[in-house]
Each structure stands twice: as C-alpha cells, then as structure tokens.
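Common to both upcoming complexes is subunit A, partnered first by subunit B, then by subunit C.
Here is the complex of A and B:
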C-alpha cells in the first residue's frame, strides 16, 4: 500500500492564494483519474494555523488534509513538516530571514523535518545559495518537482539531488484550485496522519511524481486583430 | 449566452491561443498613456536596460486578455464579470505564442456566482500571469 500526497499547497490563508480548501478537495475528486492523490498538505506562507480543523472536509471527500508551513530563510524557502508548539515558540515563522541551518537542526530536534522547496528557483532556491555559501548539513530531501517551476528549475533541483544524495519530494505549489496535485510525492508506506508523514519523510522511502499534462506545441499562433 | 444552471465545476474556458505583436503592444501602451513614461512597453533598448528580455506587455493588457477569455465564455445574456484578480509571475513578451486557459472551480447557487481560474501560458507551458475571476449570473 502506498500513499500519494501533494506536499506543497497554499489555500486562501496565504495572502497570494484565493483557493478554498473545500474547492481543492472537490477538484481532486473531479480529477482523481489523472491526479490520484490520497491527500494534500497545506503549507501556508510564513504561518501555521494551529486552530484550523479540516476533519469534516476529510470525512466529506475521503481525502487527507494535513498542515505544515513554508518559511523563508537565508538559503531560500523551506517546508516545515510536523510543526508543534515547541517550534512555534522557538521561531517566528513570519521572519523572512530565518537561519536555515538552525531551522533544519532545531526542527529535527523537536521532532519535525525541513524540506527546501523549489531549490532551482532564482533567489529563493537552494541551488543559487549553494553557489556562494557552504552547503547545509542534515538535509534529508529537497523538492525535486514543483508545479510552478519554470524551464530549467527542476533540472537544477536534479543536479543538487545527484550531487548531495538528497531524497526527492514533489508538490504542486498550487495557489489556484485547478493546479492542485500537478506534482506530488508517492510514499512506499501507508500514511494516515501527520506523525506518519514526518516519520516517512525522514526515511527517504518516496519519490516525486509528475502529473502535469504533456502540452502540445502551439502550432498556429493567430495574431490579435488590430483596429 | 451562458446560464448559471448550465455551469459546472470543471468546465473549461478556452484555451485561447494568440500572439500579440510588438506593434500592438506599443499601440496599447500609447492608447493607455504608458508610452511616454515606460519604455519597457514600447522600446527594446529601454526594456533591456531595465533587465527585461525585451518589450513586455503592460499588465493591464494581460488583464484585458484574461477578461476576454471570460467575457467570450459568458456571451450576451446578462451575466457579468464582477471581479478579476491576477498575479504577475513572469513578464509576458510580445511576438511569442501564448495560450490562455480557464476552469470553473466553484459555483454558488446562493448568489448565482461562479469562480474561475485563469492564466496565460507561454510556449514552454510556463504560467506567466495567473488569476481568479468571479462571474455573476442573473436570476
């Protein structure tokens, strides 16, 4: 039994998304044949809403909804899984200049795991920071596939993975309902909850999976009429 | 003419495939009053001086193209585009093929509205401008 989760999504709780969680789940239900997800992980920007409760939606749609966070560090953006009160007391998640190595080590010490996301993206990805700073220690995995990547960004992530032996995750980085699940992570294990997700992320027993449709080349572009 | 009862989650708008020429971009910028103040929309050298790959479309022009996708879909019959919000992720360049996509992602019978995802893609399937629109249908 395996589990496929979109590990990187933003709902309307993030300032740059208007996607309600229920609409995400409805869309997954609609498109399950092409994006076979068992669940999603909400990774809102620079925050963690500990009061949010999506159990009624999980029951309604039969899709898991877990919560994590996307924080900003001196090595780019990183997903924090297994957020707990200790972490929220230790770090100000709204701080856009968190020290990456401290976050990785402290989150691990407090029971969670950090996964650098879109590592191939300019300015906010690990790849560019590794060109001018020492590599980080204790990184288990990086996001190999990101649904919002531009050309070449996922290839740069692959370079890091080959060089440092990181495990690979995938996530849509969706900010729009219809983009949920374009990329995801397939775990070998059966995951039922956040504790299971964190446990499995630490093992490296998973792979990034790509559900993005293969696009045809636009054959005959038609010029807009001028007046 | 689009009716609310005929709209379903998952319905597709477009795709609309088109190319905007540099001359059209310049004409838009001039008509909108941007030409005098922002060479990035009209002049290759000025755009490159700003670090851009060349002339780019004004944001409002992209907004107009996205709204065209929605209003073409609505047709004539009283439904109205009442909101369109966008995020500009990557500059849109003229003389490059682009495709404009839309999907109905939610419907609300209480206020007879539909929520729609919209975006502009380039030839590499990179999403350049993304957004959401709300359409209100008459009773």
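Here is the complex of A and C:
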C-alpha cells in the first residue's frame, strides 16, 4: 500500500489564490486517471488556520485534506508540516524574515518537520542562498518537483539533492484549480492523517512524482521553395 | 516588519459624492463589452425577470471612480509599485436611477517575498452603497510596492 499526496497547494485562504478547496477535490475526482492522488496538503502562505475543517469535503469526495503552512525565511520559502499550538506561539508565521535554521530546529523539537520548497527558484529558494551562506543543518528533504517551476529550477533542486543527500518531495504549488496535483509525493507507507504524514516525511521513504503532461514535440520547420 | 501606523487600518479616508446611474450609462457599458443578456439590455424582457426591470451587469461596479480617478491618500512604501489587481464582491444589483457612493479604507497591509524580491501589498477596500445606504459591492484594490 502506498499513498500519493500533493504536498504543496494554496486555496483561496492564501491572498494570491482563487481556488476553493471543494473545486480542487472535484477536479481531482474527475481526473484521477491522470493525477492519482489520495489527498492534498493545504500550505497557505504565512498562516495556519486552526479552525478550518474540511472533513465534510473529505467524506464527500473520498480525498484526504491535510493542513500545513508555507513560511518565509532568510533561506527562502519553507513548508511546515505538523503545525501545532507550540509552533504558533513560538513563531509569527506572517514574519517574512524568519530565521531558517531556528524554524527547522524548533519545529522538529515541537514534533513537526520543515521542507524547503522550490529550492531552485531565484530569491526564495535554497539554492541561491547556499551560494552566499552556509548550508542549513538538519534538513531531511527538499521539494524536488514544483508544479510552478520555470525552466532550470527543478534541475537546480536536483543538484542540491545530489550534493546534500536530501530526500525528494513533490507538490503542485497550485494557486488555480486546474493545476492541482501536477506534482506530488508518493510515500511507501499508508498515510491516514497528519501525524502519519509527519512521521513518514521524517523517514525519507518517498519519492517526488511528476504528473505534468508531456509537451508534444513540434517538428522543425522545413523550408519550402515557392515560385 | 514593514513599518506603518496600525491605526490607519479600517479608517475611511475617502468618501465620494453620489453618482446617478443613467440608463444610457448601462447601455454604453453593455455595448462596449458586447453584453447581450436581456436582463441588462432589453427593458421589456427584463421587466419579466427577477429584478422587474433592467439592472447593470455586475462588473459595472468597477466603473465608479475614486476621487480624482485614483486614491490620493493610500500608504506607499518605497519608490516603485503598481496596481496588482482587484477582487470584486457583488452584493446587490445596481438599477438605473441608483445614486452610488464609494467609501474607501485601508483593509490590509502585508509583506511577502517572491522570485523578484520583497514586496509590500496595500489592500484598499471601496464599498459601494446606493441612495438607500444599501451595500451593492465591495472592491478590493491591491497595490504592490517595492520597498
């Protein structure tokens, strides 16, 4: 038994997304053949909504909905899994200048795990920060595949993974309904809840999976002689 | 953290004089957009519709201007920025003859980082009300500033 989760998604709770959670789940249900997800993890920007409850949608669609957060640090953006009251009391998630090493260590101490996301992205990815600052300690995994990556960004993530031996996750980073599930993470284990997700993320027993449609090869133009 | 006076949040800084919605304003708006929905364009058909007459298309709400066509008192951070878009919430239909006023306040100020660096966003909420003091729409104007 394995579990496939999109670990990086934004619903309309994020200021730059217009995607309702229900629309995400409906889209997944209609396209499960192309994007075989068991669930999604909502990683809203700079916040964690304790009160949000998606159980009725989970029941309606048979798709797991878990919650995490995407925070901003001096080494770029990072996904925080297993957010709890201790973490919310310790950190102001709206602060865009959080100290990355402190977040990684403290979140781990409080029972969660931090995964730097889109590490190959300029300015907000780990790769660029590692060029000018020491590498971070205690990083277990980074996001190897991000649905919003531009050319070369995922390749830079691969370089980091090869150099530092990080485990690889995948997430769509969707802000629009149709982009949900383009990239995901396949876990060897059966995951049923957030505790299970955090436990498995710490093991490294997973792989990034890519469900992005392949681009059709366009044949080279051939010169035609005209008279 | 971005430095600003927190008391500016929710403080109304602009209130416009009422603008009367003439039937030809709706007509011109529909013509420009190619809108042919009879609820907005055909008085006879609209009479039998849910509003008992012509109403303006929802997006008509964004045609009402603020002061001198732009906010004069919005907080600015840094030297550069641009209009980063609008969110419109339609609350009630606008009818010909309505007198629409805009009241604007700073709804939110927040920072974020992206591929291109740090940004400070200022969200101005304009609330449109009619002559009966009924809210017809909210428009959130999002402005990006580069600190």
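Things worth noting here:
Convention: the second predicted complex is superposed on the first by the 216 of 227 C-alpha atoms of A that agree within 3 Å, B and C clash if a C-alpha of one lies under 4 Å from a C-alpha of the other, contacts with A are read in each partner's own complex, and residues count from 1 in each chain.
Just so it is clear, a residue touches a chain if its C-beta (ideal position, glycine included) is under 8 Å from a C-beta of that chain, and two chains touch if they have at least 3 such contacts.
Predicted, not measured: the structure shown is a model, and the values here were computed from it.
In the superposition on chain A, A:109 makes contact with neither subunit B nor subunit C. Legend: residue contacts after superposition of the two complexes on their common chain; A:20 is shown touching subunit B, with no touch to subunit C.
Once chain A of one complex is fitted onto chain A of the other, the partner contacts of A:96 are limited to subunit C, with no touch recorded for subunit B. In the superposition on chain A, A:192 makes contact with neither subunit B nor subunit C.
In the overlay built on the shared chain, the residue A:72 is in contact with subunit C alone; subunit B does not reach it.
Put simply, more of the residues of subunit A are touched by B, taking subunit B and subunit C as the two choices. By the touch criterion defined above, A:46 reaches subunit C but does not reach subunit B.
Common to the subunit B-facing and subunit C-facing surfaces of subunit A is no residue whatsoever.
Those residues of subunit A that touch subunit B in the shared complex are 16, 18-20, 23, 26-27, 30-31, 148, 150-151, 175-179, 212, 215, 217-218, 220-224, 226. For subunit B in complex with subunit A, the residues that touch the partner chain are 9-10, 17-21, 23-24, 27, 85, 87, 89-90, 97-99, 103, 105-106, 115, 117, 119, 121, 123-127, 130, 132. Within the complex formed with subunit C, the residues of subunit A that make contact are 15, 45-46, 72, 76-77, 94-97, 121-124. The residues of subunit C lying in touch with subunit A in their complex are 1, 110-118, 121.
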